[in-house]
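Report on one structure; see the data block that follows.
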Amino acid sequence: MKKVACFGEVMMRLSTPGHQMFGQARQFNACYGGAEANVAISLATFGVPASFITRVPANDLGECVWQELRRYGVVTQGVYTGGDRLGLYFLESGAGFRSSKVIYDRSHSSFAELTLGMIDWEAHLAGHEWFHWSGISPAVSQSAAAVCLEGVKMAKKLGLQISCDLNYRSKLWQYTDSPEEIMTELLARTDVVLANPDDVWHYFGIKAEGYDIDDPAYNEAVLQLLVQKFPNIKTAVTTLRRTVNASHNTWAALMLQHDESLVSQTYDLNPIIDRVGGGDSFMAGLIYGLIKHSDDLQYALEFAVAASALKHSIEGDANLVKVADVAKLLEGGSVAARVSR
Amino acid sequence: MKKVACFGEVMMRLSTPGHQMFGQARQFNACYGGAEANVAISLATFGVPASFITRVPANDLGECVWQELRRYGVVTQGVYTGGDRLGLYFLESGAGFRSSKVIYDRSHSSFAELTLGMIDWEAHLAGHEWFHWSGISPAVSQSAAAVCLEGVKMAKKLGLQISCDLNYRSKLWQYTDSPEEIMTELLARTDVVLANPDDVWHYFGIKAEGYDIDDPAYNEAVLQLLVQKFPNIKTAVTTLRRTVNASHNTWAALMLQHDESLVSQTYDLNPIIDRVGGGDSFMAGLIYGLIKHSDDLQYALEFAVAASALKHSIEGDANLVKVADVAKLLEGGSVAARVSR
Amino acid sequence: MKKVACFGEVMMRLSTPGHQMFGQARQFNACYGGAEANVAISLATFGVPASFITRVPANDLGECVWQELRRYGVVTQGVYTGGDRLGLYFLESGAGFRSSKVIYDRSHSSFAELTLGMIDWEAHLAGHEWFHWSGISPAVSQSAAAVCLEGVKMAKKLGLQISCDLNYRSKLWQYTDSPEEIMTELLARTDVVLANPDDVWHYFGIKAEGYDIDDPAYNEAVLQLLVQKFPNIKTAVTTLRRTVNASHNTWAALMLQHDESLVSQTYDLNPIIDRVGGGDSFMAGLIYGLIKHSDDLQYALEFAVAASALKHSIEGDANLVKVADVAKLLEGGSVAARVSR
Amino acid sequence: MKKVACFGEVMMRLSTPGHQMFGQARQFNACYGGAEANVAISLATFGVPASFITRVPANDLGECVWQELRRYGVVTQGVYTGGDRLGLYFLESGAGFRSSKVIYDRSHSSFAELTLGMIDWEAHLAGHEWFHWSGISPAVSQSAAAVCLEGVKMAKKLGLQISCDLNYRSKLWQYTDSPEEIMTELLARTDVVLANPDDVWHYFGIKAEGYDIDDPAYNEAVLQLLVQKFPNIKTAVTTLRRTVNASHNTWAALMLQHDESLVSQTYDLNPIIDRVGGGDSFMAGLIYGLIKHSDDLQYALEFAVAASALKHSIEGDANLVKVADVAKLLEGGSVAARVSR
Amino acid sequence: MKKVACFGEVMMRLSTPGHQMFGQARQFNACYGGAEANVAISLATFGVPASFITRVPANDLGECVWQELRRYGVVTQGVYTGGDRLGLYFLESGAGFRSSKVIYDRSHSSFAELTLGMIDWEAHLAGHEWFHWSGISPAVSQSAAAVCLEGVKMAKKLGLQISCDLNYRSKLWQYTDSPEEIMTELLARTDVVLANPDDVWHYFGIKAEGYDIDDPAYNEAVLQLLVQKFPNIKTAVTTLRRTVNASHNTWAALMLQHDESLVSQTYDLNPIIDRVGGGDSFMAGLIYGLIKHSDDLQYALEFAVAASALKHSIEGDANLVKVADVAKLLEGGSVAARVSR
Amino acid sequence: MKKVACFGEVMMRLSTPGHQMFGQARQFNACYGGAEANVAISLATFGVPASFITRVPANDLGECVWQELRRYGVVTQGVYTGGDRLGLYFLESGAGFRSSKVIYDRSHSSFAELTLGMIDWEAHLAGHEWFHWSGISPAVSQSAAAVCLEGVKMAKKLGLQISCDLNYRSKLWQYTDSPEEIMTELLARTDVVLANPDDVWHYFGIKAEGYDIDDPAYNEAVLQLLVQKFPNIKTAVTTLRRTVNASHNTWAALMLQHDESLVSQTYDLNPIIDRVGGGDSFMAGLIYGLIKHSDDLQYALEFAVAASALKHSIEGDANLVKVADVAKLLEGGSVAARVSR
């Protein structure tokens, strides 16, 4: 089966229990995740051999990252040890009209202080057929951006498919005012891109006419402009999330491939148990779909949307459903939500 | 007041907290319940004298069953001690599009190993006017089925009203391929039956034309076929549950009696706190309604539906609302949901 | 900046976790609040200097009240120590069709046993420009009513703006059958009144034609009758809450000033995390709005409604959002509910 | 078997989790207990038929008392409903050198407002052979003291054995400066008394020479003086607790009967999980011992000490061990503390 | 490095939180363990390559076993899927004089229903140098005993060192009255045996003169008799546990090899956080010691005792300390218990 | 009353619940503390006016520091806002032979990035009579050391008493190999020093003959050498902690003043609930004692030791007992640990 390698930072996530605000919390729930690790864990849970490349400190918290990846069957040969600290993020989980809040505390992390040559990319990408990175890695530090590019180049050289989730985060990208140059180098070598219009705007200043982020046509137009700029992109995808409130969204996706545009069915997500990692679970579903159903892109897209619809019902960063769970939702619709007994 | 005896297995339920998946749980919430015990506890809470007949092991977990029944005022003279283990079931509580999951672990339980003659049925049914059983007891083992029939026969002999919730469970019925014979003997002696179309199909191969489980007319047609097969049934009832998702259902019921068909009002259940025991709480409300409001069947039906609508807001197997709470909902509608202070 | 003084009782609130019923609870969540303290805490969190006047017992529970007020920056020079016990209330948090329940246990509290002369009103109101009281204080005991009037008179004498939330509670007012006389004396000295039609009916026997509590026109008519009776009232306001179920309400408000009637936008509150303190958070938002946006009453009203819409997403009695959070909701609508990262 | 009736108040106990101080607690653990109810529950768990006489309010908290007593098999026909509130007490559980703290909040409770004639003593004591009361009931209010005496007189008239735990509590006895008169009337009709030297001093001003509460001889001397004053007392007992710190005590007892003095073995209690209810569990063990082993007073005494040694390892007010558990400790000593598997 | 294979059942352990009794528990803490898996996890945590051979059901609970083993780096190629249920055990954690209680619920488990030929022993033992089994496997069922012998024979054939923890459990061994025959066949092929005198007595009817389980000399005498019966045993070891109470034990060990007898230092374990798995952690430490320090048996023994002394401070079945933690205790004694910062 | 100002970093502390290891924790308990803030909170709780000088980031976590200090009545005018992050530390709470572990994550914190001139020392020290700093502040960064010296100089100029807890932490002091120079400048202006022999050795290379940290004489000798080096020191103190295991220490202190040496009584701390902050609580007790009982140094010392003995029974960084609690222990000894009711 195709083997997928993912590269990125794994952080400790400290989230307030229930819907407590930061100032109310006397405990924090701890889990370990990050955009790309969430993809790897979901893929492994789908039965796709997945390996992970990252760097963690040589302390008990760094070891928790090893344990968590191993637990889900992700191969950890590419996890390096060193540096000063594990990146953290604090999450206040919103509800109703009160949005969730994230406080990043990931500067100076072991991952952010990766430098060129630290990772034996050839060893870790050999035998793989797919490499996944996201826009978060080049955002955390200049050296991490360089290491990410190092990996993308080696993946290209070894002939892997390369996918990227643009994942623009305004609170990162502290070291430069112009991420465009960095992202251009990376994206010019990438085959499959998950890109929301706001990401495309922030990175490349690209927008289509008649800005309306909730309009599928607008989303499609932006993807077309992106593909024009990066003709190497074979598959461009965007998720369509409409926010009714923090507990209630609608969810679908649109895929552009060879001028063909596909739109998925729409899911009414209510209640949302945990919205963080929703896009990552979509990305994992998309990679799975493109690998296993390359002959039926509509199914691949529907799989990704259904998988990520299920993720919104799961606490924690990572999607823990299996292929059978996704298939059940695709076949049964809401009847799938009956008690299984 | 009419005294009601119920017969069935009481299990320890181990459910994941919040909406955790099985693989995420480090704790399980424990409570004690079962289809028929849920009926007995709800009746006792309504103020109807209720007694329970079952068998539990002679250990601390079996003792918890005694304590839990006593706590709600259920008479426990009919609880026998013996056998190897208390039946268990594990519950993963779903949300949104992710359904709840049940893992039964009830084979070889003290109840499943009941044998003929163990229960002094005459002693435990004397002085009662109603006997309730469900399709779960004959499903757990051949000997439990025989004991259930033993009880039904004695109840008939003593002149009790007999009610049954068909409760078909595909994960049970391991010892036989044809539950029809067993259920026919039992149902031929039963006066009040709660039967959903799928139950009727699985047990007796009966279905009406134009299968549509969400259509009241289809439900009514199935009940009519059932009553034709079992003319001894005086009252046949079905609940009408439409699943929007695991957290949101609609809920109503339909009753057939002497060719008269009654339909209740419909409740929009959102959010659902705990869906397990919803049918049991309806059954308890129905028995209460038929006993106390035998002259107003529409009210009896509405009572049962309102009582079970309230159950969906309560964590645990059993419905813990009082008659006054149900009456308040019947009178006030959604205004009843204002804070009471 | 204008300084606001509030007077009222602070209780320990003991609420069942999750949506447990009283009979299920093995733990209670404890927090400290009360209608007027909730106003003071919200104002302090908005950056308005707020001080509080109350009385608590000389034990560790009374001290928790000091700590909680101080924590949010409320000035506690006016907190007196003495008496026998801290008032309590128990809260069962409902869901769906099951309403929340309150059991008050506040008789004989240190606050209820306040007597004339105990409070040095002049000292505590000096330097302030606003005084807030609510209908709960005169309801708890005859002597508390007298002390409340003592405070209102001093506030009047010192030239403060005076506001009141009528807050009728049927379970209080045990010492008299006719609260009208007491409330008339108090209201005749009050400038800003938050009054729901049911409050007005219970206190003063006033109702308008065509009773319909969900109809803004009816609400406006009642306010007009109230202002006719109390021409000293400059601003009369009512909240418009429609209860779909205990987890889902709609929420808006209507303001009457100088024959001008303003209506706010309507919020769909779903899910409601904690409905208690919703009115208090509105009152705090209104005082803030009237102080800071006295030249734009529509904005003042919208601010109060948005602030209290956010409160419904927060567990505990008090609203803990900041002015910026409210402004973000006012500007962004549901988009404000996206994750902030 | 001998049936035992107990009379007293049942309170809700709200204790801080772990070893939190009051000011740290955000949750309180709730259970239901009281000196005499603890005796009744322990006796019922030993298999002795026990009934309870008390009064609780007609609300959901009062109902929890019913449920808790029933759960352990205590007969609740003597539980009356009425009055304003359930008595409460708050418990901060100490550790090491920090003592546990109790804040009583039981004034004006349903029990404290019992009045003469409310209880049908004859009905509730008929068929019983033993009546137990404690010094707490006459301490809570003058009318409760009168009702307690009413009960003691009826017990005497019906020929029951009467036992008392003196249980002096300095924070109660608010209504009188001289409990002596009241206690004298009660004790003059009592057969078995559990009395610590400090109790005897506070009630009757009796002390022996050379005050040393840790000295068995001093304890015996005080009991002799007590029996001289009340020659009706057949059995006088005292527990011998030496406090190393709040987590570590030693524990034994001394019994005086017909001039014979018996001393039990001493247990080293370390760690103490919950010290509250230690004396009550001794009292229950003593009643059990005197009923079942009246021919072997030393065994009766040892049973009571061993039972209460076990109680110190159990969270909550009541002792939940069985006769077999106590026997195992009596036979096995520390070997009894090995894992049972 | 030497690779160690372990064979045994992995169960879900459901333990009461804090020191709650079974009847008090509303939640159970869940973890996964078993005598032999505890050895494998501890070895893997020491850095010794460990693989595990067992059988779990094909459901979400079985999958938790896979995840837990993988998390600690145990190789899971030998985990088979099939059968009906995961074995369980319930644990009530004692304190003071109240012992911990275990309720086994492991009959009919996937492991108990293993049959000859199911396991490809050659594949799973190839490349290993050590095989570990315990007396629990042959105790759970006749077929499991046969499979265990199958494994031991293959290990012998492949030339592995074989170790065994006798682990007599009176609540198991239901299928036969004479475990001696079975254990004799197994032990006759075993090189390293952990055997307490009571185990030896129950299995083989062997005891030495002057029974005193706390006396090292008595323990040594029993080991000598055991080695006389099984001259193939190269190393016989016993732990010396003296039970002060359930929270306080002393702990040491004695090793017999080639007529040489070694005794370790004694540790005062107080408080004990979790006593379950104490012997397993000793076994893992012993295997580690014998592999890494075969030239210094005293150090090997001290390592095993120190490792297991640390285990008593860790909640859960398995010992999670590293070699460095053990070395620190061996070097520093109680000073090792200072805060590390 | 004398006003005390303290300067130092406040961190979020994230500790594992119960005695979980880092790898087991799924939640962390959060509180806020630091060596000097613990002193300020304890002083405020003793009724001594205390103010605090520090720097926190402008986010919700920084705000929690404000709230926590205010809650205990510490004056927060000296809390500055700015910088990137709140310092953190992770705490694994040990038990028995397993030591507690601390992982610092405080580099690059708002406090560590303080620079000269940021703090208006004159404003914050005016009106105070005592200034307290500790060896942790100069250890976190070079600029923090400079700011600390800036403060000490201003305190000297304004005539305040200056105290210091040497608090050597090997995991800090990353920026220099020779803390001696920095500490010499600071200590040369300090009047009261809490210094353990290991601190003195690490900072100044000073040790006395016959190293034995548990020997009071050795401790006294080291203090004498320290005072010889810094003749400005009026009072030198050391605590005497002997570690039996992580749950059991003994605790006393020794004071040197004008060649007079005083030794306190010794406390047997068992069990220890939370050992972190033990020294800080002693320091607060010492400042209190020196201020309030300057005429009775032995009492001052005993007060500090008793206060900190009580701290070991309290979870969290700060000592929350009152003067009356300490006095009760000083007067009553172990009897003080009886339940207060």
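Quick notes
Which chain is which? They are A, B, C, D, E and F, in the order written, and residues in each are numbered from 1.
The rule is simple: a residue touches a chain if its C-beta (ideal position, glycine included) is under 8 Å from a C-beta of that chain, and two chains touch if they have at least 3 such contacts.
Molecules present, by chain and UniProt name: A, B, C, D, E, F = Sugar kinase.
Since we're looking at a predicted model, the values are computed, not measured.
In terms of the stated touch criterion, the partners common to chain D and chain E are B, F, listed by label. In this entry, A-C is the pair from B-E, A-C or C-F that repeats the interface of D-E, since more than half of their contact pairs coincide by residue number. Look at the CA centroids: the one farthest from the centroid of chain E belongs to C.
With centres set at the average Cα position, the gap from chain B to chain C is 45 Å.
In this assembly, the C-alpha centroid of chain B lies 62 Å from the C-alpha centroid of chain F. In chain D, the residues touching two or more other chains are 21, 23, 26, 67, 101, 271. If you draw each protein chain as a dot and join the dots that touch, the picture is not a line, a loop, a star, or fully joined; it has some other shape. Pairs of chains in mutual contact: A-B, A-C, A-E, A-F, B-C, B-D, B-E, C-D, C-F, D-E, D-F, E-F. Partner chain C is touched in their complex by these residues of chain D: 14, 17, 21-23, 25-31, 59-61, 63-64, 67, 84-85, 88, 90, 92, 101, 103, 105, 107-108. Residue ranges on chain F touching chain D, taken from their complex, read 267-273, 309-310, 312-316, 320-321, 325, 329, 334-341.
Of all the residues in chain D, the ones that touch chain F in their complex are 18-21, 23-24, 94-102, 104, 169-171, 243-248, 271, 275-276.
Across the complex, chain A is touched by residues 67-68, 70-73 of chain E.
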